[in-house]
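Here come two complexes built around chain A, the first alongside chain B, the second alongside chain C.
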Partner chain A sequence: MITVLAIDALEYTLVEKFDCNNLKQKYYGKTNISEFSEPRTMVLWSSFMTGKNMEKEILAKGDKDMWNTKLDIKDTFFDQFENPKIIDLPGFSYITDQHDQERKLLKEFFDAQSEEEKGQVRVDYNNLAFEHHRKIKEEFIDVLEADHDFILGYFSVADVIGHLNFGNRTMMKMIYKDLDEIAGSMKNQFIVLSDHGMEQIGIFGDHSNYGFWSTDFKDLGNPGITDFAKIIKEMR
Partner chain B sequence: MEYGEIKIPKQMISKIEARLEETGFESVDKYVTFVLEEVIKEVEDEEPEEVFSEEDEEKVKGRLRALGYLD
Partner chain C sequence: MDKENLKFVIVGHIDHGKSTLIGRLLYDTDSLPKGKIEEIEQICKSLGKDIEFGYVMDHLEEERDQGITIDTAQIFFNTTKRNYVIIDAPGHVEFIKNMISGASQAEAAVLIVDVDEGVKEQTKRHAYILGMLGLDQVIVVINKMDMVGYERGKFETVKKELLDFLSGINIKPSYIVPISAKEGDLIAGKNENMDWYQGPDFLQALDSFRVKESAKDKPLRFVVQDVYNFDKRIIAGRVESGIIRKGDKIKILPSGEETTVKSVEEFLKNVTEAEAGKSTGIITEDKLFIDRGDVIVHDRDVPVLTNHIRANIFWMDNTPYNKGDTLWFRCATQDVACEIEKISRVINSSTLDLIAEDADEIKNREVADIIIKTDKPVVVENFNTIEELGRFVLRTDDTLAGGIITELVQ
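Moving on, here comes the complex of A and B:
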């Protein structure tokens, strides 16, 4: 069985800073996403699963509709497996209601007029993201016990929380330690992969222009996100 | 790692249990360990926390729009 921990916005420098040794595994590094004009989540994960640059195709949908992207399994490397399980991945099994709600609150935060109102929206936003994270974590742990030859668990918490709280070191550390614990509970071979990292703008977070990868079997150097379809196929 | 026991007021445990909902922690023990580590570290290296600024807000708003979050 092959498992991918797909962690949105997992930032290389924070994995180092917080000593997340389970996330690091034996080999780890940055991915190269310089072929993309911007580090957009939907573009990057779609490119990951198809093994080709999907920027043009996804951007053609527009900012609103791109979040509803649902690729056919035949266009992804997942169909190389007999019984794959893909949890909440953007562009494939994304739980759109949840993530639409998150983006709605994000917008509300910026539209709010007073600091007090912003504070309240931030609390609602954070709670929504953490609640979803706990659900996904539970589902992921259950799925690990089931009979699948490929499992991908997508964790959005570091990205969603990071956008409004990246300057809150304690909150970010809490999230990284939790993700590290999930990696620590894995019993089979796994890859950790992020679409992009995150950089600080005061209390906020912006996407950084590189991602993170780790494995326990091979130094992948500075791979592109589109290289993983081949890397994973070869692991079978 | 070896673990020991400490005593804290029951009232505080209930408070922490209520807080767990808003964190990624599954147990009071893990949460308390984390908080204590943080407090000790803070005392040791006094890293300032970032505060809200309108300038940062404008900047990140522009970035989030470019990334497709604020259609």
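Moving on, here comes the complex of A and C:
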């Protein structure tokens, strides 16, 4: 069985800073996403699963519709497996209602006129993201016990919470340590992969222009996100 | 009346629960900013976990980095008896540097040990430093009792293992308390799970310690930090021991010149004396050549000037010391070139095994009994007599070792 911990916005520097040794595994580094004009979540994960740069195709859908992207399994490397399980991955099994609601609250936060209103929206936004994280974590742990030859769990909490709270280091550390605990509970070989990292802008966070990878079997150097389709196929 | 302060350090192996204990102490003594602990509790809950007090330390570090907390290495809380200052050192190298260089000035120490893991190498090294510095107010806390079902047998096993080691390095802990920093057992009154333990809880033990006596009754040692020439010539420094008063007949070392204190200067205050622990300025009757590193003493109580010092040192650099290498010896503001003339004994700080006698090198984390030869005479003291002039560091660009003076070799 091959497992991928797909963690949105997992920031290389914080993995190091917070000593997340389970996320780091034996080999870890940054991914190269310089071929993309901007570090966009939907573009990057779509490119990961197809093994080719999907920027043009995804951007053609427009800012709103791109979030509804659902690629056919035949266009992805998941097709190489007999019984794959892909949880919540943007562009494939993305739980659109949940993430639409997050984006709606994020907009409400920046539109809010008073600090009081912003404070309330922030609480609602964080609660929504954490609740979703708990559900995904539970589902992921359950499917690890099931009969799948490939499992991918997509964790959005570092990205969603990070956008409004990246400057709150204690909160971010608690999230990273939780993700590290998930990595620590893995019994089989796994890859950790992020689409991009995050950089601090005041209390907020914005996407950084590199991602994160780790394995315990090979030093991958500075791979592109599109290289992972081939790497994983070769692992079968 | 202001309550007294007691400074202490918490030491031990990295994962044995130091941060959690500090977080718990701040929580149980209501010393945390309102709202912060609730936020940490809320996030833990959101992640489906019980509150983890260790994150309180992350919050404090975050404040430090943002410059909100003025003092960068001290954490404050109080009990009904007194105020406490926890001196925080981020890593064990920093801890050793702080302890030996005197930056810490700790009056007591807490040695924390995980009941499940027992005594580790780092536990032993830290304990060794405490022993070397002669700290006699030590509480051992055996932590994470909740992880072993509060079992007395586990506590007694670790207690015995630790006492065996401590007796070899001359530390007799005042208390050995089983605790769970996570659950708050035997920290500040709560003891629902270990009725087999009859001693004081952690805060009661701490409250029973005495605050260090002032060194003001010891002979005067005023170390010069700088000389300022304004409209008057002020000699700035720190009174490490004794009291300096207007009218005192003083001697400047190493030159040996004598004069009288014309005045004691303190900004916007009219004072005539300054006692141990005080940084102050003085003006002398005669205009003598005085420089940083000089030590001012009373002419009636002159210390030995020496360039041969016997000491115990803890080497803490990856590059070993090889006999013949030149180093800098720093004690208070005295800074002189030196070399280690004799390495009498080298000891493993973790196992206490003798590594070598009459050795040629000292490696990282080894403790050595040595004789230092300084290029110029220095004013130093036996650590047991005047602590402040009895500790020193050896350095090049970085601090390589710290030590205490055990004998002044004539």
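Just so it is clear, the second predicted complex is superposed on the first by the 236 of 236 C-alpha atoms of A that agree within 3 Å, B and C clash if a C-alpha of one lies under 4 Å from a C-alpha of the other, contacts with A are read in each partner's own complex, and residues count from 1 in each chain.
In this text, a residue touches a chain if its C-beta (ideal position, glycine included) is under 8 Å from a C-beta of that chain, and two chains touch if they have at least 3 such contacts.
Here the structure is a predicted model, which means the values were calculated and not measured.
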Clash or fit, chain B versus chain C on superposed chain A: clash
Touching partner for A:133 - first (chain B), second (chain C), both, neither: both
Partner chain in contact with A:203 - chain B first, chain C second, else both or neither: first
Partner chain(s) touched by A:106 [first = chain B, second = chain C, both, neither]: first
Chain B versus chain C as contact partner of A:170, first or second or both or neither: both
Chain B versus chain C as contact partner of A:141, first or second or both or neither: neither
Chain B or chain C, by number of chain A residues touched: B
Contacts of A:235 with chain B and chain C, given as first, second, both or neither: neither
Candidates 56-64, 200-208 or 308-316 of chain C: the single one with C-alpha clashes against chain B: 56-64
On chain A, positions contacted by chain B and by chain C: 126-127, 130-131, 133-134, 137, 169-170, 173-175, 178
Residues of chain A touching chain B in the complex: 38-42, 62-64, 66-67, 103, 106-107, 110, 115, 118, 126-127, 130-131, 133-134, 137, 157, 163, 167-170, 173-175, 177-178, 200-207
Complex interface listing, chain A residues touching chain C: 126-127, 130-131, 133-134, 137, 169-171, 173-175, 178
Complex contact set, residues of chain C against chain A: 39-40, 43-44, 46-49, 52, 55, 58-59, 61-62
Residues of chain B defined as touching chain A within the complex: 21-25, 34, 38, 47, 49-53, 55-57, 59-61, 63-64, 66-71
